[in-house]
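In the two complexes that follow, chain A is the common piece, with chain B as its partner first and chain C second.
Entry: the complex of A and B
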């Protein structure tokens, strides 16, 4: 079966090669962002760690940055189209597993957020053990203003919304081209 | 707020960041292995799902933007979170 896919012929091979290099280096990029970010938070001790010294939020530019990264994820993803994959029974099962896992994790995060919000909303007399994720995220952003000048917040927003644009708005109108493996 | 909890807050937050980083590294590594072996990558699999379920994909993207707006455009100050001892 001849694979059929929409590919933009104007995209040159050099751009595709750079995209592939970036793709192959992606685990290293994640490590370079995540490990120092955790270390910076770890190095800051004390209960005054997360006081709001400045009222930084709301910041509309962070939202604009997310939107720009989403569009970039879609348009840069066009460089990755046209590659023909080999599929097997195992790869089809793996694909289903990826989708189920992704939604399971998303659901668990939202359940945590709902329970945290509910504990705050109910206002129990005992100290709350869970807080809505919003509190932690907003707290982390406020703190990042002081430790890195928002570098890590911006990197995380770019990474998250770039991936969202790349995955959920694919630069093709048909499924990825594939041939059964022998 | 219990101050002893706040003293371990940075350790907990650092571990959360590292665990999320670990998940990201695993996903990115699986993607690279699939790419090198010409198997459908995670991006291909999820992209195909998005093409089969466009409305669900749009709903998911809308949810992501709502969360981002909730985090960075919300003017409310948490009344009693770990941020305010």
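Entry: the complex of A and C
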């Protein structure tokens, strides 16, 4: 089933311009929230070893929050643009480059995860040289519970997954040449 | 063999990735053990991560080869006749199951 997008004429230019601005700025907003949040953890907690409580992850509610934000990003994108996305030769090349790079980086991250999992000192309170990625996430969440009561965690999950749904799950796309200009 | 030939391109890709996952988990685990012991308590996490890493690397390598040949990268989109919402929900559930079993 192909997704059908109906052009909504009631969406005026100003609303589209505001959406467009937020769409372009949203990845930067993630960084603008994430960097101060990380700096706050660093300043208040330092590099101290974290003895996290395992119940913080996996947390189905944080997962549901991310999934909802992902869908929201997609559907806000459909409503916000109100027209077919235009693809050009350059954007197709860029998109392919991003996807290919993402898979290479993910494979390297997963090798790190494997090494970290093998290094983990099960049942001890002393840090290993490397830890699984989830260790760092659990610690960040553990610290955030004390710092902001999970506000930063929830905010970053919502923003990150919104951006993912908004940018990586676009609506219908056509080559620019086949889309009539307005 | 006929059943494999008759299956859709997406089904072939999924089957290929499943084989890659198993090869990565066991073959990659065997190579990994030459350099580092795998604690029994972390065996699923380590082998699962290596399997997924091998999957991602194969997708990267196949896509690069296809792009250099002037073709599209490996197509991981669900079939056109599939419900995109249902496909996304299935992908999220699958991701959750992998996440909670491997990345503990």
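A few notes on this one:
Convention: the second predicted complex is superposed on the first by the 107 of 182 C-alpha atoms of A that agree within 3 Å, B and C clash if a C-alpha of one lies under 4 Å from a C-alpha of the other, contacts with A are read in each partner's own complex, and residues count from 1 in each chain.
The rule is simple: contacts are C-beta pairs under 8 Å (C-beta built on N, C-alpha and C of every residue); 3 or more make two chains touch, one makes a residue touch a chain.
All values reported here derive from a predicted model rather than from experimental measurement.
With both structures placed on the common chain, the touch criterion links A:141 to chain B but leaves chain C unconnected. Touch criterion met: A:99 reaches chain B and chain C at once.
In the overlay built on the shared chain, the residue A:39 is in contact with chain B alone; chain C does not reach it.
When the two structures are aligned on the shared chain, A:63 is found in touch with chain B and with chain C. In the overlay built on the shared chain, the residue A:107 is in contact with chain C alone; chain B does not reach it.
Between chain B and chain C, B contacts the larger number of chain A residues. By the touch criterion defined above, A:161 lies against chain B but remains apart from chain C after alignment on the C-alpha atoms of chain A.
In the superposed model, A:115 lies in contact with chain C only, and not with chain B. By the touch criterion stated above, A:91 is placed in contact with chain B alone, chain C being left untouched. When the two complexes are laid over each other on chain A, chain A has residues 58, 63, 67, 70, 99, 106, 134, 169 in contact with both chain B and chain C. Listing the residues of chain C that touch chain A in their complex gives 28, 32, 36-39, 41-42, 45-47, 49-50, 52-57, 59-60, 63-64, 67, 72-73, 80-84, 88, 92, 96, 99-100, 103-104. Here chain B touches chain A in the complex through residues 1-3, 6-7, 9-11, 13-15, 17-18, 20-22, 24-25, 28-29, 31-32, 35-52, 57-58, 60-61, 64-65, 68-75, 77-78, 81-85, going by the rule given at the top.
Interface residues of chain A, counted against chain C in their complex, comprise 1-3, 58, 63, 67, 70-71, 96, 99-100, 103-104, 106-108, 110-111, 113-115, 117-120, 122, 132-134, 169. Contact residues on chain A toward chain B in their complex (touch as defined above): 20, 23-24, 26-27, 29-31, 33-35, 37-39, 41-52, 55, 57-60, 62-63, 66-67, 70, 77, 80, 83-88, 91, 94-95, 98-99, 102, 106, 127, 131, 134-142, 157, 160-161, 164, 166-170, 172-176, 178.
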